[in-house]
């Protein structure tokens, strides 16, 4: 995407104002409307699809496989595939490694454990079909929704197999399944969410559009956990903007408060989606 | 105003309503192992008659058996001289010319169209311009106003400094001057109403939603000018005295005076916040009309803008429900 | 040792030759000079694209070694400056190696001879004719020219050598262009091996000449 | 989530009563659902097709300015197809590398099948990119992709001679079975046809398993009939969507 | 598969005009394949096929490997069909074009997936040692009909191949040299034979360039069996059918290209069957001939086909 110098200066000037004017009039912490569906792939344990109003779209499928816990280096595997982008490109690696680390850290310790020997391994595959702006936001949101909709079948065989290894047997009734990370009190686990904010001058903008990214000084990547706490990693990333000076340290403070004020609303909106039923995914 | 709105897909709701249309099982058609007869679709109305205009035809459908028609776009014929449709669309007849206009498709340029475009490539004596069509358009060095007036001859130094006039990424508005045999457009900007664009904001909408008019430059309330390119590329800018819109009837003398190098300047003028806000509001109004697939012209846009003033903050207009409301008001007005 | 050569046996390329000596059989094709890909283009020379394909399995380091040796010989003998910015494509297909995997002398020598013949067949300008020969030297000091698979496998065999000569006027092997010696051998052995190879290469060159004159006779039969 | 994959397999492929494991008769298609214009904001044409449990999304971009010399033909548009098979699309998760030979074959086959129907000579020096995302697989991968691509091309307004519709059919003993799912594909000899319009003309024919010559005719016949039915369903969807848009045209 | 960027207008019109008059440049009838010239090399498993100017060599080799974990009783079988620019400068070295990918997949399906080689007979010790059979195909010259020629060469090579006899004593496996014991042939279950058909749109009118004037849907088409390189350049599409003499169709592929009526395809299957019957007989005859020759001279005692790579 190319922009003319006049457009760039118009956009920057508007966004640099003390009370900035975004090209679509949104406030700094306002997201664009999203469209989402969950649990639409019957062959996956969990799935979700998120689409933005500018055509960005991400589909996430979660599959669980029974493995011997001892032989796996990690029980979570995240694979991100962005259409038209090489698998080893930095955008893909950054996305998958960030999500992998954070989800692994937040998942309750025994959520995947089946028996002393066996355990589930989660394969989270994100497919970004099209993405005009940075894919972090929608991939993270879709992953959140997919994990929230992920259910694991109920184990009917014994959990104690330390002596005699026995392949686990599951209940065929899907209604008996439990949500991932659900504990005895039927409290559901919530995975972390990441978002990218664009920095222009002294201002920060959530859910930046392509043009906002293009004129940005940089982006700040940060996440929050289910209880609305800001979590690591917090990282300054490149959003494709041309201006690469340093950032004022106050911006990080601003980012914190911006995240804290938006997180509850985003979580609430996301959780509301899981309760709505839809027949088709489009 | 909420921070985020997440909804289930529209399509899902529509489907509940028309489930019959979408779900189909071949359970009843006890088709034999015999190969089927060609064309056994009772919905199709094949015969000597011609479909009434605005009736929908789909690819491969027989449009007419009559041989008197000239076949235009969206049709094809076989050696049997029958005319078939090659796209999904509506039949249009102009005199003896029969064509099918596709429901959707890229902008296809026509001579005289006022368009907005973006330079993609600077070449030998010509620029390539993205106009949202099937191919990039061509703008010849000889088809632009050179600094110093219309009467100046094009020189070799002009060829060497083409990037000083227009470079990759630059936006311009122009007129389609001619079409090449493969359908690509050739543009010109040899009038002061055309040329490089600054002092504003660009957005792109489906060309099919632009209602063709005599004039595509609008002066809108709030000191905002709009160039609604026939190709669906839109430019919203601050109103300036010498801007493209102010120069409808320019004499050659004035042209000469004004065609200084500043017509290729990259510098914006001072733009007050109120105008920036108005531009943001207009762009959201346009997006609202696009969202509901409402054709856009000057009066509708003004109606939408006035309707939008109920919402104090332009940011509220990104919400789908607000878009619905605005579009509904526009439809009601017209 | 039976020798069987043939030229112009492939229809889609500019020149081709097969060289079958004992149980080693190789076929070589030459295309060019022709249009080169922009990125491979050399401003002053013709680009040489060389492919050596084994009879069995995919190309390995063994073929890469043969290719490397061959490239040094061919790039020296082809008058590449006459066709700048163009491409000469040479493919050698080993049909029967005639020796076990740990050796490559028969293949290397045969590749050089086949390539020379194919280059002549394609009409590519050459500085001279190149002829190569493989020699094995045994413990008892016996020199075996073009050894068989069995002879190579004998524990008696102490060193293996490939020598290639450029052959100019009077069919004299004057310039040594390749020496590839492996195993244990003495200085005298190597030097007399080189001497012996010269004689043999001259014979090979006569074979090449005979094949070419046969071909010319066949090609220009109508001129008589 | 399907849990009872094993109990599924215990059932026989075709019962003496003439029913298949999933309750269909020999000449019955699986539920075929399709939708066009699903990705209006990000593409020129788009579609979503479900054939039983097989689900694919297709996005078409173009005709547009070609990406470079290698994508420019002077006499026709350059059509390129890229199928991407999601790792979660199969019952057991499986990562499919993009450049695997089977995927390359699939790409080329779909591309050449569509080229026969698209009037590509009308758009010289342009490029048409077709990207297909396979979300779920349960047999009939190739036909589902072809059908989705046809719909997306029509949605993009790209002129075509007629619909290309594709369907598979196999043979059980001497009974031809229409539109196989994965379980049936694993056990039976089958073929896939791609038909242009309502004719008996095939642009595509692919058979990868051994089948007696004498069974070919009935199997091909039922596959062609199935393709014709699919064409009808697709046509219905194109008309439904077209009418919906024409209604909106009232707003022009 | 069509390789060849262009052909002069003159030539193409000449060929098409001839086709319209039911003539082929090499004098064959439309449904007449070229003569198959099959010969065997000194080593076991070395088969050479010439089909017109097309010339391919298949070399079969065997090595002992560990079987795949999920298939402990099955041996391996790989076919390598990499085409170098020797066949024609239009083939790029070290890069497979779309056509080459489709072709190698087709050979894979025709021979390997159709189970013509009995993989279970390659088992030596279950889960430990199996034979891996490798077919390396070298295309020396290209003049159309590649799949057909390669398939014959590979099948003939497999039939010609001998692997050393093996005796198993518990975990001990000993391989017998060809001198010790007669080497054993592979177990070939059936012989798939490919036939390639090319379709041509031969317009009746000379001015076929009118872009708005498409050919009639049910236009008579020309179907050529075993087209040569020149004909392939002009063909509107091709189809390869693999059949054996037991009337099994092993593989069929028409990946796009000119649309063809279903009954035309069924006709093609019958032609392919005739060719398969004829070619199967030819391969068997040639094998017998070769066998007779070997038993006279006893050459096979000198040669080893075992490959320890």
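For reference, chains read A, B, C, D and E in written order, and residue numbers begin at 1 within each chain.
What we mean here is this: a residue touches a chain if its C-beta (ideal position, glycine included) is under 8 Å from a C-beta of that chain, and two chains touch if they have at least 3 such contacts.
These numbers come from a predicted model, not from an experiment.
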Minimum number of chain-to-chain contact steps, chain A to chain C: 3
Centroid-based (C-alpha) most distant chain relative to chain D: C
Label of the chain whose CA centroid is most distant from the centroid of chain A: C
Pair of chains joined by more contacts [C-beta pairs], A-D or A-B: A-B
Chain whose averaged C-alpha position falls nearest the assembly-wide average: D
Chain B-chain E separation of Cα centroids, rounded to whole Å: 54
Whole-Å gap separating chain B and chain D, where each centre is the average of the chain's CA atoms: 32
Chain B residues counted as touching two or more neighbouring chains: 11, 15, 22, 35, 76, 120
Residues within chain D bordering two or more other chains: 33, 35, 38, 119, 161, 196-197, 199-200, 221, 224
Overlap residues in chain E, where contacts from two or more other chains coincide: 214, 217, 262
Residue ranges of chain D touching chain A (in the complex, touch as defined): 1-4, 7, 33, 35, 38-39, 41-43, 48, 53, 55, 57, 59, 84, 86-93, 95, 98, 131, 133, 135-136, 138
Residue ranges of chain B touching chain D (in the complex, touch as defined): 11, 15, 18, 21-27, 29-36, 38-41, 54, 56, 58-60, 73-74, 76, 84, 86-90, 102-106, 120, 128, 130, 134-136, 182-184, 209, 211, 292-295, 331
Residue ranges of chain D in contact with chain E within the complex: 101-102, 104-105, 107-116, 119, 121-122, 161, 191, 194, 196-197, 199-214, 216-217, 220-221, 224
Chain A to chain B touching residues, read off their complex: 2-7, 9-11, 13-14, 17, 19, 21-27, 29-37, 51, 53, 206, 262, 265-266, 269-270, 272-273, 276, 278-282
In the complex, chain B residues that touch chain A: 1-13, 15-16, 19, 22, 118, 120, 168-171, 196-202, 266-268, 271, 273, 276-277, 280-281, 283-284, 287, 313-320
